[in-house]
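What follows is a set of structures for review.
The same chain A turns up in both complexes below, where it pairs with chain B and then with chain C.
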Partner chain A sequence: MQQVFTRPASLKDVQTHFCPGCHHGTVHRLTAEALDEFDLRKKTIGVASIGCSVFLYSYFNIDVVESPHGRAPAVATGVKRARPDSFVFTYQGDGDLAAIGTAEIIHAANRGEDITVIFVNNTTYGMTGGQMAPTTLVGQKTSTSPYGRNLEKEGAPVRVTELLSNLDGVAFAARVAVNNPRNLMDAKRQIKKAFRYQVEKKGFSFVEVLAACPTNWGMSPIEANERVGGEMCDYFKLGVYKNTENL
Partner chain B sequence: MTKRLFVRGNEAICLGALEAGCRHYFGYPITPQNDIPEFMSREIPKLNGEFIQAESEVAAINMVLGAAATGVRAMTSSSSPGISLKMESVSYMAAMEVPCLIVNISRSGPGLGGIDASQGDYFQAVKGGGHGGYHIIVLAPASIQEMYDLTMLAFDLAEKYRSPAMILGDAVVGQMKEPLAPRPKPDTELIEKNWALRGTGEGEQRVIKSLYLGDGELEAHNWKLHAKYSLMKEKECRWEESHTDDAKILVTAFGSAARIAKTAVAMARDEGMKVGFLRPITLFPFPEKAFRDATLRCKKVLDIELNTGQMVEDVRLSVARDADVFFYGRPSGTGSLPTPEELFAQIKKYY
Partner chain C sequence: MSTIEIDELRCKGCGLCTITCPKGLIELSDKINNLGYTPAKFDASKGKCTGCALCAEICPDVAIKVFNE
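Up next, the complex of A and B:
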């Protein structure tokens, strides 16, 4: 019998702690597949951030350093400068990257650090129980915006990919989603492309992945998937925002 | 290298760090330590190392974390308010057992304070300035030569114990110039870093982390760290001691305060007073036994600091039961640095 589907070598054969319908597992898999396709597993150092993504080391069969909240791009900078031939990526959520870690992501991007950032945007702080994030949509109810995010008082959601694309140091920036097979296949293409930038030492690459958090959204996995494709994609437009080398 | 140099303390730290093999420096400007990033930005590129002026002290210490996690000798430097910002990651590195050097050319505080010599950061340095309960190695140089020598020692101790190490100085020892006799790094045994991240290669996954959620895991990890601190106390205490045999009173001080105190002690000895001197060089581990031994003979101790009393708490915990500990200090700020005559008067007062 021909085997047509296997677990990526970069992922361990373990169960994850992720909730039903959570997209982290999917994004982990796409990231692992990209590592495998470039044969990077043995030379990769991953930087885990704070949030549901902290258990990177439990699921990826790679060397991992844990970063304080939001500081992953600075930690990755240190790792890459010390080991320029290692493959270095951070995996960060929206609370981590777009709130407490704003300075670190902007400046690592601006320096054009030769690292890749996988940014999972689910419009909420997942691990701490669904509080309002910088990416929470206007009107969205969370545990700290119980009346819905208020545009006047809390501002509009931050579009990180667009923001970073304006920096000269950024070589590649794209926003993808994993809510349906078509988007998922494109997400895989863009993550691979981002990795290729680092493999070819072409500079800083960034992929924002729109993802579902059914538990904290109070939705079923199917409803959550529909929300990603609906109001999230309406506000956070999918696409490649920067591709300096046309890889 | 036998040629004597005439350099600032901050430069001596850089020379010591480079001699110790440090090629990764990450920092952020703040007075009075700016000579360090300026020197490193000039010299490290010549040695094919990495210098980054980070976007903040927070980013700088996390760059150190990342670089040091791969096993290289990495450092940062700052001054008091900047050190406060770094403390979150110092706690992480203590927990993750990542060795590195942090230099605090401290300034007067609290808050923005001022830029004068101060010892207001003693508590922060030795009591675990960040959260969660931990210690780091803290060395307090009192001369430009020591700024050089102790920087090299700090890297060795950091690696030996897999712990961050700190040089605690101030504007006096940081910006003053004195002769320095550079010497090659001692042939210390290099420890194999079987924990350093490198990409798994053909080996097992390595993880550097501080999150322990499993039943009993974190307690076990903390006991392991505690055992390490006990071992440091047993093996690594360093101090300078003079005239303690016949002393009727023992003067103690660290860092720049010890320089002034030493002059006051010499003034007292010139007048025939039996005054001893004891200067802790390691603030953590604190040389408890040196104080205990000295106060088995000498029952009076005068502790002098450039603050309103911080190290004195450790002195009180260390001395023999029947010894009296007196304190003289002034909170830091422009014009508050005591003169030798002022300290001599204090010695006379308690003699």
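Up next, the complex of A and C:
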């Protein structure tokens, strides 16, 4: 018998604290597979953020710097500039990247820092109990929008990948999902491509992953998985938004 | 012949593998594991595993190993 599916070497063989059906686990694995693909484990410095992915250093077999909430792209800028031969990526939630860290992500992207950003959009602040995020869908009930997000009062959900892809400093930007095998295989390809951009020193690369947070959505893992493929994909369209190789 | 191995101690019973297996070979058990979840179990009597590894790919907890002969 030959084993055809194995855990990537960059991912530690440990139990995670993630809830059942949480897509953070899936995105961790795909990120670790991409690190393995380019043999980056020993030269990688990951930059963790604040949110449910805060224990990145316990789950990846790499060096990790923990950054203050939202500041991962600024910390990654410093790490990459000080150690230009290292491979540097940030891993951030939507509360982290699209709310408190809006300034840091926009300016790091605009400067075209040679880093990769993995952005996990689950339309809520997972760790703190499901508050409304800039990415919360209109009508979505959260602990701070008990009647649903109101378009007039709170504005429309921010489409971060589209926003960033307009900046000249961005070399690669894509939005993917991991809710079914087809989307997952594409997510794998795009994360690898984003990593390859940095390996080939082509500039700032960004991948947004639509993800489920069953716990704070008040759904079963299967229902939450379906929501990703339904209303989330309807509003946040999947695709490659910037690919400077093709220009 | 192909087969899978589910790590019952790591599985959180999310059920995503049960809806993903094209052959319907996985279901949740009614026993509770050390984490308090009902882990997935593989039932080879229901059909032939093709070793496609879709169950392992979808698993957020990397709890499934796939083997091909």
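Worth pointing out:
As a convention for this text, the second predicted complex is superposed on the first by the 245 of 247 C-alpha atoms of A that agree within 3 Å, B and C clash if a C-alpha of one lies under 4 Å from a C-alpha of the other, contacts with A are read in each partner's own complex, and residues count from 1 in each chain.
Everything below uses one rule, namely that a residue touches a chain if its C-beta (ideal position, glycine included) is under 8 Å from a C-beta of that chain, and two chains touch if they have at least 3 such contacts.
Owing to the predicted nature of the structure, the values given are computational and were not obtained by experimental measurement.
Of the two partner chains, neither chain B nor chain C is touched by A:Gly148. Once chain A of one complex is fitted onto chain A of the other, the partner contacts of A:Ser67 are limited to chain B, with no touch recorded for chain C.
Within the superposed three-chain model, A:Asn225 lies in touch with chain C and out of touch with chain B [touch as defined at top]. Using the contact criterion defined above for the overlaid structures, shared-chain residue A:Gly169 touches neither chain B nor chain C, since it reaches no partner.
Residue contacts after overlaying the shared chain place A:Gly112 against neither chain B nor chain C. Contacts of A:Phe5 after superposition: chain C is touched, whereas chain B is not reached.
In the superposed model, A:Ala103 makes contact with chain B only, not with chain C. Contact residues of chain B toward chain A in the complex are 24, 26, 50, 52, 54-56, 58-60, 62-72, 74, 88-89, 92, 96, 197-202, 205-211. Residues 41-45, 47-48, 54, 57, 61-68, 71, 74-83, 86-87, 103-104, 106-107, 111 of chain A are the ones that touch chain B when the two sit in their complex. Chain contact summary for the complex, chain C toward chain A: residues 2-3, 10, 12-16, 19-20, 35, 37, 51, 53-54, 56-62, 64-69.
Touching chain C in their complex are the following residues of chain A: 1-7, 11, 15-16, 18-26, 29, 180-181, 184-185, 214, 220-222, 225.
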